[in-house]
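There are two complexes below, and they share subunit A, which is joined by subunit B in the first and by subunit C in the second.
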Partner chain A sequence: MMKLKAMYSFLNADLNKIERELEASIQADDPLLNQASLHLLQAGGKRIRPVFVLLGGQFGTYDFECIKHVAVALEFIHMASLVHDDVIDNAKLRRGKETIQSKWGNRFAMYVGDYIFARSLELMANIKNPLAHQILADTIVEVCRGEIEQISDKYRFDQNLRRYLQRIKRKTALLIAASCQLGAVVAGAPESIHRKLYWFGYYVGMSFQITDDILDFIGTEKELGKPAGSDLSQGNVTLPVLYAMEEEALRQSIMQVNEATTASEMKELIERIKQTDAIEKSYELGERYLQKALSILQSLPRNRAWNALYNIAKYIGKRKY
Partner chain B sequence: MVLEQLQKRIEAVKERIEQAITHPYLCRYMNPRMIDEDRIAFSLSMLDAANIDRNIAEDYVFTMMLIQIALDTHDEVDEHEAMHLRQLTVLAGDLYSGLYYQFLANNHGMALIRLFAEAIKEINVQKIRLQRGNVDAIERFRCLGTIESALICKLAQYVNAENWSEFAYYFFSLKRLSDENKKEKAVADYVEHCKRKLNDLLHSQPMHEDMKGRLYHLLDQST
Partner chain C sequence: MMKLKAMYSFLNADLNKIERELEASIQADDPLLNQASLHLLQAGGKRIRPVFVLLGGQFGTYDFECIKHVAVALEFIHMASLVHDDVIDNAKLRRGKETIQSKWGNRFAMYVGDYIFARSLELMANIKNPLAHQILADTIVEVCRGEIEQISDKYRFDQNLRRYLQRIKRKTALLIAASCQLGAVVAGAPESIHRKLYWFGYYVGMSFQITDDILDFIGTEKELGKPAGSDLSQGNVTLPVLYAMEEEALRQSIMQVNEATTASEMKELIERIKQTDAIEKSYELGERYLQKALSILQSLPRNRAWNALYNIAKYIGKRKY
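Coming up: the complex of A and B.
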């Protein structure tokens, strides 16, 4: 399978510049803050949000010097949310590296996250188009509400598919949708185009999160950077769990999961879930979202960004980690 | 009459903030957020003195207070041993940050977005410095002064009322230190320094009677 980076190689020079911008933009007047920020940046990541911003920008008048602010801002917003998520989850490792909260404590992590979020808004202030700010602000608020919803839904096994979909929309799809749309908005693309890019990103994001939730069951600890089934052990009811609960006996066992469930009990439960058709059905739903994304793409003008978006969508549906 | 009016406006801003930050799930588990009336009174006085339209002034103060509450909420993260409450504290602060940006974005407050972002950065840098702990007393007072006044100072800059910045710095430094143990010599000396500064500035600053009353109260309280 084609490597993700090869799908948008024409953006390589700009993505390298984005990487340098990320490093330069995060510099602070405090050595420890700099150390922590660099620690975060070096942990890497796919930088998928900046990629979507730059690709969205190709549907309008692409001006790197303008669009870079949005690309960097979105990556910073993502990074800030990860730092705070690690406090929420009390996570010790992320992408195999020690988390900020583990290394320097909760309070420090809160300050780093707040600093990075503020930096992202400072960068966004370079964008004069009010619509760009409205889109991003609405997205941020919805993402936060989604995270609160995720906490309120923990260990709630009576939730339905609709509730799950609403949650992953807010958790993942909205920021990817906004990334695609914002690139186009800032590049001055017409509404008919940037709205479609929003929906493309939305469907890709939904598919991406469903795949993520499947991988949490079928991935290895090495691939995932955390034990398989972590979502369920933390009380997060994901799509494979909802489908597995359609089997009555399994439903009863799943409903017993709580904070005291041991690792070996969980391991056994995960195996039982994997033996049902829950994974397959989850893949099918993920695929349906992917098809919706590809269908939207058909109505967008063909250019090299179009090809890249097509390949990325395909990749996301088939990724293994 | 004027005093009553300012208090009414403070109440109105408080009510707006309370409505904005209300979230059914957060309300069920978290204590209501503290809204610092002195901060609202101070900012409204400053904006009135700068001849800013009342409605616009209240919008600015509303936004600034959302940021203040967001930052204050994140300061509480370590106070909660219970995981659930800690999680909600993180998310509540994030939500309030999102809300202030949403308000400015919908009201075309681009320049304020930048200025407030600068203030938040500055505040967090100072919090990190304080948390590290290797600062002397004077440095600590400087950090506290910035943490407490950076947002108002940026607002002052925005409305060309920079003459209020020093006043804000000492007023909110004194307010912060008024709870500390003044038997410690460095704190007692700095409290006296703040009071002298505020007494000097008081006469050069036109302000609402209500604000003056709050200032005198603070000066008395810190004795």
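Coming up: the complex of A and C.
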């Protein structure tokens, strides 16, 4: 399988610069804050949002010195939301590293998230385009709504598919949609183009999150950087769980899950879920979103970014971590 | 003593509209989030930031339909930071009402803060002036820094006056400075005017926070809406504490304060602090900032906003709650 980075090698120099911008922009006076922020950056990540921003920019007049602010800002917003998510989920590990909340406590993690988020606004202040601010502000409100829904929906096993889809839309898909669109918007691409990139990003984002939710069941601890089944044990009801609950016996067992469920009980339950067709059905729904993304791509002009977007979309449905 | 509201009665109609905008803009789909946000709004507050925004707007071309977004956004940023502060301080009461964190828990409070903050960005997206976005973003970064300093400085009795002043600058003064300035900026006032309004707001804000920190010692529980001495018992080292520590015996006692200090021990300590000249010296420093604010005001054009700013500044040093 082709490696992700090979799909947009023409962006490699710029992506290295983005990495250095991330480090430079997160610098703080406070030594503890600095340490925590650097800890987060070093935990890595696919930097998929900056990649989408830079690729979106290829559909207009690509100006790295301008677009870099948007790319870094979107990665920061994503990082800040992960830090707050880990507080909510009481998560100990992310990408194989200790989380901020596990290492320094909930309260400090809250402010690290706030700080990184504030930094993203500072970067966005460099962007003069009012539409870009409008899109970003609307996206952030929706991301916050998604996070609040994730709290209220925890351990609620009576939720339906629609509720799940709305939650992952807000939690993940809209920020990826905004990444694709904002890159094009700040590069001055016409509305007909950036609207399509929005929808491409939205469908890719839905597929991306569904794959994430599947991998949480079928990945190994090494691949995931955290124990398999973490979502369910934290009370997050994801697509494979909803499908698995269509079997009555399994439904009864899943509904017993609560904060006191032990690791060995959870392990057994996850095995039972994997033996149903829930994973397969989840892949099918993810695939449907992916096809929608590819279909939108067909109507976009062919350039080197087009090929990259095509390959990334294909990759996202098949990735292993 | 003149009532605060009487000082800007010409703004009454607009301030009533702001109150309704605050309610309308905070509306959420999620019933629990709605309840929490309304709970916060109903706890009231002086709405001093919206007042400063509208007054700043009088130094340019005042357009309520435009400036209202800034006024509401700044009140939301203030509210969001209070919600996160209450998480940090583990505060049970604010303005005589239960805090979000006490009523619904730390994690939910974290997201309520995030949500209200996101709402403020959505409102600011209505403002097309790039300078306004720059000022706001810079201010938010500083406010976050102030909040982080407040965590790292908790129960640190070895800090000096300079550190205290830097913290209240970031925590309070800069948001009030930005309120005064942003009102003028979006009203298209010239730089010579909005820079002065910034400094006026900065000095008033310093004086405001110093008064707040004094009131925490000398106010009654009824006036404060929370027990007197809350700051010190939460480990927040304020100006009266720093002055009181100049007396060696008191210094030794204050340095013993920690999370386990009982309410009766605290009560006794507060009485001892009140018997020193710490309160008086704090008032004197507050007064010095106030005089600087008034001196800047002298160089601003006289209009009805000028009189209001003069009276508010005078009021702030003398207020009882």
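Just a few scattered comments:
Definition applied: the second predicted complex is superposed on the first by the 321 of 321 C-alpha atoms of A that agree within 3 Å, B and C clash if a C-alpha of one lies under 4 Å from a C-alpha of the other, contacts with A are read in each partner's own complex, and residues count from 1 in each chain.
We adopt the following convention: a contact is a pair of C-beta atoms (placed from the backbone, for glycine too) under 8 Å apart; a residue touches a chain by one contact, two chains touch by 3 or more.
All figures in this text were calculated on a predicted structure; none of them were measured in a lab.
When both complexes are overlaid on subunit A, subunit B and subunit C end up clashing with each other. When the two structures are aligned on the shared chain, A:Val141 is found in touch with subunit B and with subunit C. Shared-chain residue A:Lys196: touches no atom of subunit B or subunit C. By the document's definition of touching, neither partner reaches A:Arg49: not subunit B, not subunit C. In the superposed model, A:Arg170 makes contact with neither subunit B nor subunit C. Comparing the two complexes, residues 28-30, 32-33, 84, 87-88, 106-108, 110-112, 114-115, 118-119, 121-122, 124-125, 128, 130, 133-134, 136-138, 140-141, 143-145, 147-149, 151-152 of subunit A contact subunit B in one case and subunit C in the other.
The residues of subunit C lying in touch with subunit A in their complex are 28-30, 32-33, 84, 87-88, 106-108, 110-112, 114-115, 118-119, 121-122, 124-125, 128, 130, 133-134, 136-138, 140-141, 143-145, 147-149, 151-152. Remark: subunit A residues 28-30, 32-33, 81, 84, 87-88, 90, 105-108, 110-112, 114-115, 117-119, 121-122, 124-125, 128, 130, 133-134, 136-138, 140-141, 143-145, 147-149, 151-152 touch subunit B in the complex.
Residues 23, 25-26, 70-71, 74-75, 77-78, 83-84, 86-88, 90-95, 97-99, 101-102, 104-106, 108, 110-111, 113-114, 116-118, 120-121, 124-125, 127-129, 131-132 of subunit B touch subunit A in their complex.
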